[in-house]
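As structure tokens, here come the structures.
First subunit A sits with subunit B, and in the next complex the same chain sits with subunit C.
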Partner chain A sequence: MKKELVKLIDLSRCTACRGCQVACKQWNELPAKRTRNLGSYQNPPDLQWNTWTLIRFQEHEKKDGKVNWLFRKDGCMHCTDAACIKVCPTGALYHTEFGSVSMHADKCIGCKACITACPFSVPKYDPETNKIAKCDLCYTRLQVNQPPACVLSCPTGALQIGAKDAMIKKAYARAAELGGDANVYGDKFVNGTHVVYVLPERADVYDHLPVDPKVPLEMIIWKDVLKPAALLTAGAVVAGCFLHYITHGPKTPDDETTCEGGNKS
Partner chain B sequence: MTNHYIDLKNSDCILIMGSNAAENHPIAFKWILRAKDRGAKIIHVDPRYTRTSARCDYHVPLRSGTDIAFLGGMIKHIIDNNMIQEEYVKYYTNASQIVNPDFSFKDGLFSGYNAEKRSYKKDTWTTMKDEAGIPIRDYTLQDPHCVYQMLKKHYDRYTLDMVSSITGVSKEDLLLVYNEYGATGAKDKAGTECYALGWTHHTVGSQNIRAMSIIQLLLGNMGVCGGGINALRGEPNVQGSTDHAILYNILPGYLKMPSGPVDTLAKYIEKYTPKSTDPQSVNWYQNYPKYTVSFLKAIWGDKATAENEFGYSWLPKLDDGKHYSILHTYDAMYAGKIKGFFAYGSNVAVSSPNSTKVRRSLEKLKWMVNVNIFDNETASFWKAPGVDSNAIDTEVFLLPAAASMEKEGSQSNSGRLVQWRYKAANPPGDAWADGDITMKLMDTLRELYKKEGGAFPEQILNLKWDYRDASGKFDALKVSKQINGHYTQDVTIIDPVTGAKEENKKGETVPTFAKLMADGSTSSGNWVMAGSFDQKGLNKMAKRGKEDPTGLGLYPEWAFAWPLNRRIIYNRASCDLEGKPYNPNMKLLEWVGDKWVGDVPDGPAPPMANKEKGKMPFIMKVDGVGAIFGPGMVEGPFPEHYEPLEGPLAKNLMSGQSLNPAVTPFKSDLDKVANADSKYPFVCTTYSATEHWCSGFTRWQPWLLEMMPEAYLEIGEKLAKSLGIKNGETIKVASIRGELKCVAMVTKRLVPFQIDGKTVHEVGMPFNYGWRFPEDATDASANYLTPSIGCPNTFCPEYKAFMVNVSKA
Partner chain C sequence: MKKGMIKATGPFERVVHWCVALSCLLLCLTGMGMMFHSLNGIGTMVGGMANLKTIHNFGGIFFAISLVFTIGMWWKEAGLFSFPEDWQWIMAGGGYLWHVENMPEVGKYNPGQKMFFLAVALFGAVMVVSGLIIWFPFSFAVSLVRMMYVLHALGFVIIFAFFFIHLYLVTVGAPGSAPAMFTGWVTKAWVKKQHPKWLKEMEEDGTLVVYGEEKCSKKGRC
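Showing the complex of A and B:
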């Protein structure tokens, strides 16, 4: 791995100006859709194929009865144990050298398996192209040593990107500085995410934020047990064929399908 | 701003009141967060809990239009608890001066009031002087007629109970803010105030700011790092437009607009040049004649001569006592007295108050020109929903303009920092830069005048008008140099002490306003900008040095700040009488040996302890000190709480005067008022959202529209519940002047107030919307609701406090 990066989102500095939301659309050339005001500043109401990052607005009543307006920049967490990659049948989703999760759009077949698998409900389906879409941490920018568009646009320093260890250290220092319920979110599950939050409130206070995100068990069984086992089986079959070739000479047209079983599983 | 954006980081306590800084100044807000990182307390006092409140240590809700009551209570608290910076108050303010014994205040009125004219004669609003003309002072601050004691007496009525009852702020919250902010009275602490349209948009707008100025002087917070009174200007160049005389009553550089009776240059100079015999007062405005004549030379060039009073008679004159604000303009237009109208870079049908009156006024015009980057509700007022186009004769011209990034020029930010900006792209299609439009218009007018003549030909034909570049386009650099000023002839100056000779050549740019003269040998279109070029013509506004020698964020080599690259004005007040900084950790200035070291000082004179040559720090004031007693205002030398034109109370709890006594309401049939009217029971305020720009040309930007797609009214949960209104449903909002339909945004962020023992609800909506775009938009401009009335000092409209009803649609 070239250089594992982490994007740090310090929500204690976020003013919900939504510069990041627009910068993301601008850099990634994502169109706007006509929306309605549904009684909230949050718009569009959720992540969608043309909205890869979104500020969530949440009115939270504190213990003393006073309101606390919470802002959370939502988007792909870029997991190390990425359920989307595990479940993707075509290899469209993959880890980059930065640890982020990127996508070969041409390989996506629109099966939506990643949508079901993602513990953060991030990938979104575009029916027009029959493909999913999500944040790729501005992979093309990272490749030329530029920060993601959202980070570049952030006026307050709520968004930063840097070497994984340094960012995590920074996150803990900031949470300690803030005190109270402030905590770091992202480094302790799915083998660590490449987006890490400093949350001023406990994780369970935030809407749409899983407290203990996991790669679904069936994905682990599929990707980490069954699929390797299947590949192993396939490999054994190939080896068997080769041995058969060595011992029995070239196959005849009648034997056409015998070597492909493993790959079709 | 008396200070500058970066300096916000140096503050120990930031009071954001009258501003929604995080939403309307999102980039600048980072400096506030830097202060917070240093341990500063950030306080937001605002009717609504906003994105700003979310990042502050405290949000304290107060009823719209009651800021003076809140601040008056703070003045009382500071005095009662002796939280003042005593040395500063004694020597750097007029607290020690003795007020005219005939000055009085009773039941909301100061002495000299004329009820019929709704204005004051100010002859008793004075302080006493000795035979030599020097102010009489009592440095013990004990004389019952000294400003300090008068101030104490005036605000004695602003008790916690009274203030709480008017503002709806709990006594606990009042004490919390008063104590936090009052603590900045310590010599080594600084508190700053960030305000914006939340303070100016009231019938007491200017006095809101005056009240805070008094607090800042009491606490020794003016002229210091992390202090000051800081107006966060609402668009990138609004400071520039103010400096260059956007208002009808000033000329560029805040020179006064002459009125009819002041019909000679001599009279004008006599009237506006202040005189002081106090040897310790710099009285900088004694240079007023130099700035006036240099301005006239810039306007009329060689045509301005001593013989013709430098063309003074060609300047337009205001009718004495008459006002020409936008409010007065629409009133006259509605009365059919105005034929033509330039709505230049504006969308007045959405942005001006009382939209019905504005739109009906436009119908009375013969012609209107709108210069804009998109069509808007103003240019298309004649085809608005419900308007009978056939009944309107107004001929409308919509000229496509270049956007800000499509032209070169200077841009002044709130901190008086004037930065040169280059053109990024050519304007599309037929769009022109404003400068080119103006040049073309004036060229055509001049041709017509030459051919056909016309009224006041001297003004048009004598104008110095050579601002084109080689290709015939408007040349922003030429105009900027003209604003800076030139030597109009060879000038040799011989130093009276050293005998050194200084040769200045005709045509060279003037390097500082200290070189401007009243004899016609210099020109300057705006004296505060003199020094934006050096004598060789180097454009200092384009400088991009990143050095910060003081470590205080002054960045003196980055662009140019007026005046004279001074980053914090009145900076000599940051030091004691000996010239030592009050806060040794923030050495903005220090008197070392025989000179000031640090920021560009407010003049080279030694500090006040030097009885022979020392000067007082407030050099722009005639008496050299900060004005706690401020007779310059039209409604009184001490700010007093008056109710908005429309409020929930039938009677002002402070006095028998409900509305600001110096305000004269308009009388047209569309200027209806509903004060304390049960049909309109809710306080309403208006504002702009982060995602949109003022009257909303950003609605044409799909990404921004997607985030904030349509008009909404923010309404508290309790009120919504009592009205049976659900979040997201369409509702009707009505004032006595107009009504509209929009989306209800039911929120926990608006809470009811307890006012005079009764529950009062406040609602609010953004003014960014109109029918013209997007295509499916409704005619939901918030200014249908607002009244045509404003502060009598500036006529800034009262957009921030009026009464409405809300119901299910």
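Showing the complex of A and C:
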């Protein structure tokens, strides 16, 4: 196994040039779709099956009345405890040797369970292919020791990739350097994500960023409780039936009926 | 058909029973193919997991329609308990688990059968509703869809367990029962053993149909 990688997104260095968004489309050959201007630089408005990473633009008023323009590169967080992998019925979604979450598109049956399960609302459905699509951290590039397309394109150093421990260390150092509300996001939940943010503001300030993301309880009950329970109960019932047969015995009619016999009694 | 056999079910009843039973079985198999990675091979047998999902979804629609007929047909007879004799039966474990003197006489359906019917009716409906929501998740709130996965799995636990009890009783557990759902004719000895009160009711009402003597028993003058 190769060592786990982490993509570090230092939002304090992001200028929202959207080079990563374009590089992602180019490398993964994702078409652009016509969108409407909604009065924001944020385009398209959300992640799509053909947009695996997106710079979110957000105006945030600070306590002193100053308005901050916040940028956040959104996309798959590549969880260690990945809800999407947990619920995928076909094994289409899987962990790579780098710890990232990749996908065998040919195995996807478009059941959309991952869309329901993901705490970050990342997987998106393409009705034309009846499959979901999302960032795979440029798995084919990682395999040949190349950085993901987004990281390669980033002109400010907001995006970096490297060994997990080193990146997390770097993230904490950078957050300490920034001071104030700056914090590290990603290493403390779902057993650690393989995308880690340095957020200049508190996590709850950012749109569409869950403060405490986790594998939904419903998915845990479904997969870790009820799934084994189905087998256990059925097994217990079968064993019980067998025991009943050999100890108590079947409930058999007293005699065979014929027209001349039982009927006339 | 041997003379003296007693008519237990009509053809419509049997057709509805097998519609709901076979579609339920199909849904269990196809569903398990998706629930357990180790059973993905069931998908391979039908040409891939995508086909398995399609069969499961449309099989569900067939099941839903069959379930409507099942409930409409049986809820009066099998959906309502009659106290106190049903309670007595339940407390005695139906006489199946230990020796019981003076079991209350069972009518057309014993409380065990009623419980099975209610489980299928209730959890069958739960499966249909939760299944439809899982099928079209974008039309509903995510929190609701997540709960539906729990209900769908819970329904499977219940129905799958009941299925094996049903299978045991109609095969070796209570011999003579299965013909009720194949030919529709059962032996009088079986009715006497399993549903004595029903036999008496039919004799009193003149609704007892005996093979070879239909006419006289219909008039209730035998």
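Everything below uses one rule, namely that the second predicted complex is superposed on the first by the 222 of 265 C-alpha atoms of A that agree within 3 Å, B and C clash if a C-alpha of one lies under 4 Å from a C-alpha of the other, contacts with A are read in each partner's own complex, and residues count from 1 in each chain.
Convention: a contact is a pair of C-beta atoms (placed from the backbone, for glycine too) under 8 Å apart; a residue touches a chain by one contact, two chains touch by 3 or more.
Quick caveat: nothing in here was measured; it's all calculated off a predicted structure.
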| item | value |
| --- | --- |
| Contact breadth on subunit A, by residue count: subunit C or subunit B | C |
| Partner chain(s) touched by A:110 [first = subunit B, second = subunit C, both, neither] | second |
| Contacts of A:218 with subunit B and subunit C, given as first, second, both or neither | second |
| Which of subunit B and subunit C A:207 touches, first, second, both or neither | neither |
| First, second, both or neither for A:71, with subunit B first and subunit C second | first |
| First (subunit B), second (subunit C), both or neither touched by A:31 | first |
| First (subunit B), second (subunit C), both or neither touched by A:90 | second |
| List of subunit A residues in touch with subunit C within their complex | 87, 89-91, 107, 109-113, 115-117, 125, 130, 216, 218-219, 221-222, 226-227, 229-230, 233-234, 236-238, 241, 244-245, 248, 250-263 |
| Subunit A residues touching subunit B - in the complex, by the definition given at the top | 13, 15-19, 21-22, 25-26, 31-41, 43-44, 59, 61, 67-71, 155-157 |
| Subunit B residues touching subunit A - in the complex, by the definition given at the top | 22-23, 26-27, 29-30, 33, 49, 51-55, 690-691, 702-712, 727-729, 743-749, 774, 776 |
| Contact set on subunit C toward subunit A in their complex | 2-5, 34-37, 40, 43, 48-50, 52-53, 95-98, 134, 137-138, 142, 145-147, 149-150, 153-154, 156-157, 160-161, 164-165, 168, 172-176, 187-190, 192-194, 210, 212-213 |
